[in-house]
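Both complexes below contain subunit A, partnered by subunit B and then by subunit C.
Presenting the complex of A and B:
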């Protein structure tokens, strides 16, 4: 497949880098201010070096991407809330041109799921978004394989930053601020960690799960969200004395979405440590299914994007 | 009551991922007063997927047969309870009472925030009266002194089927007192 990749963050760059490994080529690549287009397929290294050196990916205008020859638009621009722009418009333009769309950007799928599906119905193109939930973990394809009607609930640890902070606080007895600074030094937390520690990122993923399980109807406004900033180290100590620990758990159920710090058994399935993510699906006839793995990172998320691309063939 | 770590990771419980969420159980055992007896009695619980919550070792008390009564609280998936009791008996432990829980259900919550200002005993009273529950255990931790955020762990005994209602009351009381609640994940209720 020929890919047009929008967004030159960690995910977009990794898609460009790894596409060939999956038998695909990238014919257009754009960040917010520039683009590189080559109908024969871009060679990743020079483009990535130029992005690193000059903060541009090529000499073309980003607009050139939509005129390029491509089969699948990969939307990997930063997640935005509310109207989910400019991501949503990118998706609309590709679908109106009867192209497929693969999203790594959570905004359009969490905030405007019903609009997105309506556009898809009018298009010969298909929309896929495995990369928006749980990074490399094949959550959505598992739900698809079981059939959403055979999944009664989904829950799990869906934010590596918050999980890193909580598991370090519990293991080392360190306070929140200390562990957060450490996470920032390690590149696990962003300079502005609000999205992660306030639970917004996990909530968006649960909203997407709720949309997939219920056929739409959910946005971030429907989610009950609490972050981990109110959990002191003393709470983790008290939990540990009782054989438990605290994790930021997201739940997607037919009656709604909820994200917040919860008590779980200390050595239980959901108490993953570090940046690990886990998703637990309750199935109607096959009990509980647990899938864990890396929930973030460029190559990890690009893996999910490229798997989606391969499913479109 | 003393909180005790399980020591052994309940690997089997993770491996099969079976059934519903864990439930709390209380078993009464009687042990011969010899070194190592208590530890030997706890192994069958941890080895079969039980998560030890607390142990009440009633030294000084004797059962009619002259042994020491021990009350063990643990949680395990519903389908594991019989296996654990059987394993205890196979291991030569005399199980006096099993499954007859003092409370139908037990729920543990954490409260965080300014607990001094919130008047913890008033919080306990409000929860007990509002939820028809009993606070069976309370631990407090305020390492930073009275001005900083503190934490409390409440173990609540409640009648069967009342867990959700109890949690709703805890949420209400906490919100009125400006406290944060860390609720247990009640997985079975999905």
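Presenting the complex of A and C:
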């Protein structure tokens, strides 16, 4: 497949880098201010070097991407809330041109799922978004394979930053502010960690899970969200005395989405450590199914994008 | 889809019971000595009651199954080694009639994978076998979705009986013989537990994984297999002092299949407890992926069969 990749962050760059490994080529690549287009397929290294050196990816205008020869638009621009723009417009333009769309950007799938599916119905193109939930973890494929009708709930740890902070607080007895600064120094937390520590990122992923399980109808407004910013170290100490610990757990059920700090068994399935993610599916006839792995990272998330692309063939 | 189900053990009976939930019907159902056939779809309860009461499923000869109207043959007869008969012949007859085949029987997939694929190439029917590895755990789908080329190894705990015995030995400090009898009393271990405790069952599953990852070429003869019958309780005690425990770990790599008792971290990902199964996939770009859940059981394994059937449409 020929890919047009929008977004030159960690995920977009890794898609450019790994596409060839999956038998695909990138014919257009854009960041917010520039684009590189080559109908024969871009060579990754020069583009990535130029991005690093000059903060541009090529000589074209980003608009050139939509006129390029491509089969699949990969939407990997930053997640935005509310109208999910400009991501949503990118997706709309590709679908209106009867192209497939693969999203790593959570915005359009969490905030405008029903609009997205309506556009898809009018298009010869398909929409896929495995990369939006749990990075490398193939949770949406698992739900699809299992049949959403046979899954009653999905819950799990879906934000690596919050999980790292809680794991470290519990292991070292350090307070939230201290561990957050440490995580920022290590590059695990962003300079502005609001999205992660206040639960918004986990909530968006749970909203996407709720949409997939229920056939749409959910946006961030429907989620009850509580972050980890007020979890005291003393609560973790108390939990540990009882063989438990605290994790930021998100849950998607037919009746809604909830995200918040929860007590879980210290060595139990949900107590993944560090930046790991886990999703637990409650099934009608087969008990609980657990899938865990790296929930973020450029190459990890790019594999989810490229697996989606491969499934379009 | 219309299913012909061969085998009236726990899995076959659950397929009959749950098929309707998945939008399918069972038009023929056979145990080793009898069959029930109804082109309009069998009603499960009378058939299952008759099996329980009289140990026959209907008035027809098992041979009638092959003349029935069906789209998919579900092969759920007991696993046999070597030539994997009579399962292999059942599969051959369905494929030669251009029908699809879904297997819960590990024999033909582990022992005669290349023969199976050769028959599939000559048929309009397809062959699927998610249920043969890890019960409810959708490990083969995950490998398929991820792309076998991007997975370098698969390992895990694939036998619930052996795992139950090792878990209990470690938790209670009891010896192997004692725990095995307890497991037999609980119905977790069979009266003849050889297949499970000597590692054969786990090895067959790993051989299937090796065949899927490598495109065939493996049978049980290629596996190095060691069971748990000689693991002393003292070894578990020593391991515990070091924060570790023992699990029967199977591994499939391009160069072969190995199954044996291994030391693993006591609270680590591979140390699932009780009858749980886990599979860990090593990926080229996305680290380790872990999938765990119920590795056996009638309804659990039947969901894998029925998901396979749904994927054929």
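Heads up, the rule we're going with is that the second predicted complex is superposed on the first by the 313 of 313 C-alpha atoms of A that agree within 3 Å, B and C clash if a C-alpha of one lies under 4 Å from a C-alpha of the other, contacts with A are read in each partner's own complex, and residues count from 1 in each chain.
Here is the rule we go by: contacts are C-beta pairs under 8 Å (C-beta built on N, C-alpha and C of every residue); 3 or more make two chains touch, one makes a residue touch a chain.
Everything quoted here is computed from the prediction, not taken from an experiment.
By the document's definition of touching, of the two partners only subunit B reaches A:155; subunit C does not. Once the two complexes are laid over each other on the shared chain, residue contacts for A:249 go to subunit B alone; subunit C is not touched.
In the superposed model, A:230 lies in contact with subunit B only, and not with subunit C.
In the superposition on chain A, contact of A:313 is made with neither subunit B nor subunit C. In the superposition on chain A, A:241 makes contact with subunit B only, not with subunit C.
Once the two complexes are overlaid on the shared chain, A:263 sits against subunit B while remaining clear of subunit C. After overlaying the two complexes on the shared chain, residue contacts for A:98 are found with neither subunit B nor subunit C. Look at A:67: by the touch rule set out above, it reaches neither subunit B nor subunit C.
Contacts of A:55 after superposition: neither subunit B nor subunit C is touched. The contact surfaces that subunit B and subunit C form on subunit A in the two complexes overlap at residues 267, 269, 287-290.
Considering their complex, residues 152-153, 155, 226, 230-235, 237-244, 246, 249, 251, 253, 260-270, 280, 282, 287-290 of subunit A touch subunit B.
Within the complex, the subunit C residues that touch subunit A are 14, 18, 21-22, 135-138, 141-142, 145-147, 150, 267, 269, 283-294, 297, 299-300, 302-304, 307, 310-311. Per the touch definition, subunit B reaches subunit A in the complex via residues 3-6, 9-10, 13-14, 17-19, 22, 51-53, 75, 108-110, 112-113, 139, 141-144, 148-153, 155, 180, 182-185, 187, 190.
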